[in-house]
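Please find one structure pasted underneath; my questions will follow.
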Amino acid sequence: MSSDHAASGSGPRYGFLGPAGTFTEAALLQWLGDRPAEVVPYTTVDTAVDAVRGGEVIAAMVPLENSVEGSVTATIDALAGGPGLAIIAEAQVPVSFSLVARPGSTLEQVRGVTTHPHAHAQCRRWLAERLPDVPVTFAPSTAMAASMVAEGGHDAAISAPLAAAVYGLDQLASDIGDRPAETRFVLISTPQAPQPATGADKTSLVLFMGQDHPGALLEILTEFAVRGVNLTRIESRPTGGGIGDYFFSVDVEGHLDDARVGEALMGLRRVCAEVRYVGSYQRLDGQQPVIRRGVTDEEFREAQAWLARIREGRS
Amino acid sequence: MSSDHAASGSGPRYGFLGPAGTFTEAALLQWLGDRPAEVVPYTTVDTAVDAVRGGEVIAAMVPLENSVEGSVTATIDALAGGPGLAIIAEAQVPVSFSLVARPGSTLEQVRGVTTHPHAHAQCRRWLAERLPDVPVTFAPSTAMAASMVAEGGHDAAISAPLAAAVYGLDQLASDIGDRPAETRFVLISTPQAPQPATGADKTSLVLFMGQDHPGALLEILTEFAVRGVNLTRIESRPTGGGIGDYFFSVDVEGHLDDARVGEALMGLRRVCAEVRYVGSYQRLDGQQPVIRRGVTDEEFREAQAWLARIREGRS
Amino acid sequence: MSSDHAASGSGPRYGFLGPAGTFTEAALLQWLGDRPAEVVPYTTVDTAVDAVRGGEVIAAMVPLENSVEGSVTATIDALAGGPGLAIIAEAQVPVSFSLVARPGSTLEQVRGVTTHPHAHAQCRRWLAERLPDVPVTFAPSTAMAASMVAEGGHDAAISAPLAAAVYGLDQLASDIGDRPAETRFVLISTPQAPQPATGADKTSLVLFMGQDHPGALLEILTEFAVRGVNLTRIESRPTGGGIGDYFFSVDVEGHLDDARVGEALMGLRRVCAEVRYVGSYQRLDGQQPVIRRGVTDEEFREAQAWLARIREGRS
Amino acid sequence: MSSDHAASGSGPRYGFLGPAGTFTEAALLQWLGDRPAEVVPYTTVDTAVDAVRGGEVIAAMVPLENSVEGSVTATIDALAGGPGLAIIAEAQVPVSFSLVARPGSTLEQVRGVTTHPHAHAQCRRWLAERLPDVPVTFAPSTAMAASMVAEGGHDAAISAPLAAAVYGLDQLASDIGDRPAETRFVLISTPQAPQPATGADKTSLVLFMGQDHPGALLEILTEFAVRGVNLTRIESRPTGGGIGDYFFSVDVEGHLDDARVGEALMGLRRVCAEVRYVGSYQRLDGQQPVIRRGVTDEEFREAQAWLARIREGRS
């Protein structure tokens, strides 16, 4: 979908799930901060990921949890299939909806609204109170809804606040969602050595089971639990290889270089049909894991030295 | 979104994630078979579910796994939040894509294609080979894409075969997806006693954890495993109550009336913050579970009789 | 071995591992307190147990843990094999050794000591310091050693303090063990309904595995753990049916009438080749179990009521 | 108890639980085969173990399971306490009882029998049938009973067949036990590097728990289970440090040099208060463990190489 690309800025190129003005772009811009960069929108998660794999961009921001735009399962499936990828950062932006319209418009003039169905679902209470009789038309994304308004297609759109700036629109109302929400995004690159450990990291994995095997998940979780590695997210997904054939997409606390994470991964490598390491990266919330007795790096080292001693008869 | 409803047929009313011509409608029609029914499309999973809760329809078909239309997480979240719901059946249709166009069109005449981004992603190889230079525009669903073609908006749409019939279009090409896929749908009603056990059943549950509690998932899986209850699907989802607060959406083999499922549910009830039972229903694949030694209904009965005997001193 | 019996007192007859003056007798007398009773010594655990089974005595006190007299494994095997038995109480006495001699003797006059080998092993330090050159001869029990001294066979015996009184001897030294120790005894009867629950109880079980089955023990412990039932003792013992065929003798916290214990027992009944319930009885230390969230009787009742409701469609 | 020692043969000195003629001596002689050796009886397990620690003998044979002589718990406690020890071999002899008497005696002349209480318990049926009215007196061991007969103290003894040869007695009847039995013995030395792996090995461990900790045993077993290490024996024993403070004496399949055993031991080292390795040695039954998928040395190596690769960014 190269025709959809709109480059902005200069510096290394980063992709995101577009069009311009999505929450995903907001997440990317937040992560970039002052870094010089050119940002490139992609129409779907798959095209963004392809751009990473093809070297068009050095990384791409896509949604991973609780998305109101695009499909989270597209991200999960992209990480699980095809050539390897690595998550190098996570990002989170408040999903705050605004009603945006062409400059000079007022709320009273709005006779038609467009937005993505998920955004609509999350603003129903506000719409029922403030625009009860106004028909709603759906667009493929909130950003596309805003762009359609900019082009004169509807009176107003529900979108991210960023979309107002991107498309030269006014915000007639802001924060119109029924309840606060957050979406989690990840910045994806080609495989690389893990980011340096910070003490507050996550590691993402894709675990493929062998033959249909009822106790498989319990077995997997026990591999983590025995090494004191906590999960923060898990999803089972069909492999596409037929019903009943599943993989698990999981995030765990800790870094690939942590001894407990390393031993758990080796255990999984031995019992799973395939283990795909998809990156260790700093947690956005900076929350350091509570590491239980027995699984610190120091305790792993000490136990290894002890084993070496008794194997040599020096207990 | 009552303005979107299009009723068809007569008999009890059933909703589905529309518009007309979606795979979801195909799944509903397949499930209905000869049952007299009126089917009603809804624009989003949320509006379909609201129609069930409000009594507008007696049940609604929505996607639960691997969807190419609508959001599966919308279904999972709808089952987890708000007033209770029950899954009363599952359905599965092959996700087969066709290129549909107005009658009399030929492939050579196609100079623009519209479809849902997921469908586009799944037909990329075919498009690259057969329509390499034709621009693709996105629509909110494959059915909406077909309807736009019917109204003259684009030359062709990628959609379910059903959409051709619904919108009076021709199929210029069929089965154009890059690989076979299936989507799983569920028929949702208001809470009710479980469907009668058939010997090949599934039970769906939503499990809310208490405070952030690292070993929670292992604990839950052990409650199932000890009673020989196998999981067929699991997903963790944020509750919306803040980061780190999760629930699990799970499907297990077996029926609420099975002794092993009952005991597992009581165990979960005691350790989870909340357990929501969302229905026991026949498995579409008719696959009977392999029940391990020790967890048949007969063995549960025998053990209960034995416990009663020893409690009375008659060992 | 009926010829060994020596009756004392009047009232119901109780057996114990004799001869008169053992720590086991001390444990029985402590348990009896003011109860009228006739106590009868038996030469071995097996003969004591046979006397219970044959109705010669209504119960018998035998050692179960850390014994310095008789064999603990004899007790464990007796509970596991033959007609059923029930533990109705536990008892514990400090294992305090005295050097006993005929009245009027002094330590200086002692030129030969007799005792049971275990008692000898526990008093070695004292003997090395105070009677370094005095030869030690072994007797089948500390009480028999004392009786041999009373009959003039040796100058002194190491025995329980009680043996001095029983055999009319003086204590030349008391508390001569190298370190403090305790032995646990159990009072065994024919099978009967459990003792009333006191809130601080133990339950004893014998668990037979099926075919040699490596994960069996983990499976068993998980049955307990899922219901929050803690073990206080476990031993694997060969069944005598050939190498590799084991049973487990276990004590757990809680009472047969506790819901969590009952459900754990039913689970074990279903997975073990055989479960033998051997009694619920008050803990001597009065220590109430810490019952984790989710396994109180009240929580079991509530979960059962909830299950009944959802099975009837009243969630 | 050096006064009890009786040396025989020449070569390195080996101790055993005596006196001469015990099943333990039979086990030692069987293990020695043609090795030149001097064998030395010790009165108790503790004195035999002290002789090992003090360098009086290079190793000592003592009972570990299902003993009819001496105390198995003495062996278990000796391995758990005091300076370290190592099991370097296991041995097993059929526990076959004979009625032994001075040369020229006949069964009809027997008017008194002596033996150890356990041996008596195991020959009761035979005694009831063949010597119903003959009184039985107890001796500290079956071998001591035979020696008392040799010295003219009783008419006959029940003992191991070996004792007849040792004390110059005749066997009036052999194999008089009520049912076949086996006892397991272990040869104990000072700590040393493990015996070379044979592919059919056992490893013995002593595991000390920390504070009273209900789930400790489950935790320990999970450390083994996750690495596919099977237990063949387990016993909980009080540490002597007060009620409720336990250690576990366990035997597992496999050798200290096996990767799966090594990783399990490191895991235990990290979660237990103390882990005492007590030796890896060939299984007497030559039974090779069934090693489940994922825990062979080769799989451990491969997983380690894989981890190294992904840590360097070469997945």
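For the reader, a short list of remarks on this structure follows.
In this document, chain identifiers A, B, C and D correspond to the written order of the chains, with residue numbering beginning at 1 in each.
Assume a residue touches a chain if its C-beta (ideal position, glycine included) is under 8 Å from a C-beta of that chain, and two chains touch if they have at least 3 such contacts.
Model, not experiment: these values are computed from the prediction.
Steps from subunit B to subunit D, taking the shortest chain of touch contacts, total 2. One finds 23 Å separating the Cα centroids of subunit C and subunit D. Note: centroid distance subunit A to subunit D, computed from Cα atoms, is 59 Å. Each of the following residues of subunit A touches two or more other chains: 222, 225.
Here, these are the chain pairs in contact: A-B, A-D, B-C, C-D. Contacts from subunit C toward subunit D in the complex involve residues 1, 3, 43-44, 46-47, 65-67, 70-74, 92, 116-118, 120-121, 124, 135-136, 138-140, 144, 179, 181-182, 214-215, 217-218, 221-222, 225, 230-238, 240, 243-244, 246, 253, 285, 290. Note for the complex: subunit B touches subunit C at residues 84, 191-194, 222-223, 225-227, 256-257, 262-263, 265-267, 269-271, 276-277, 293-295, 299-300, 302-304, 306-307, 310-313, 315.
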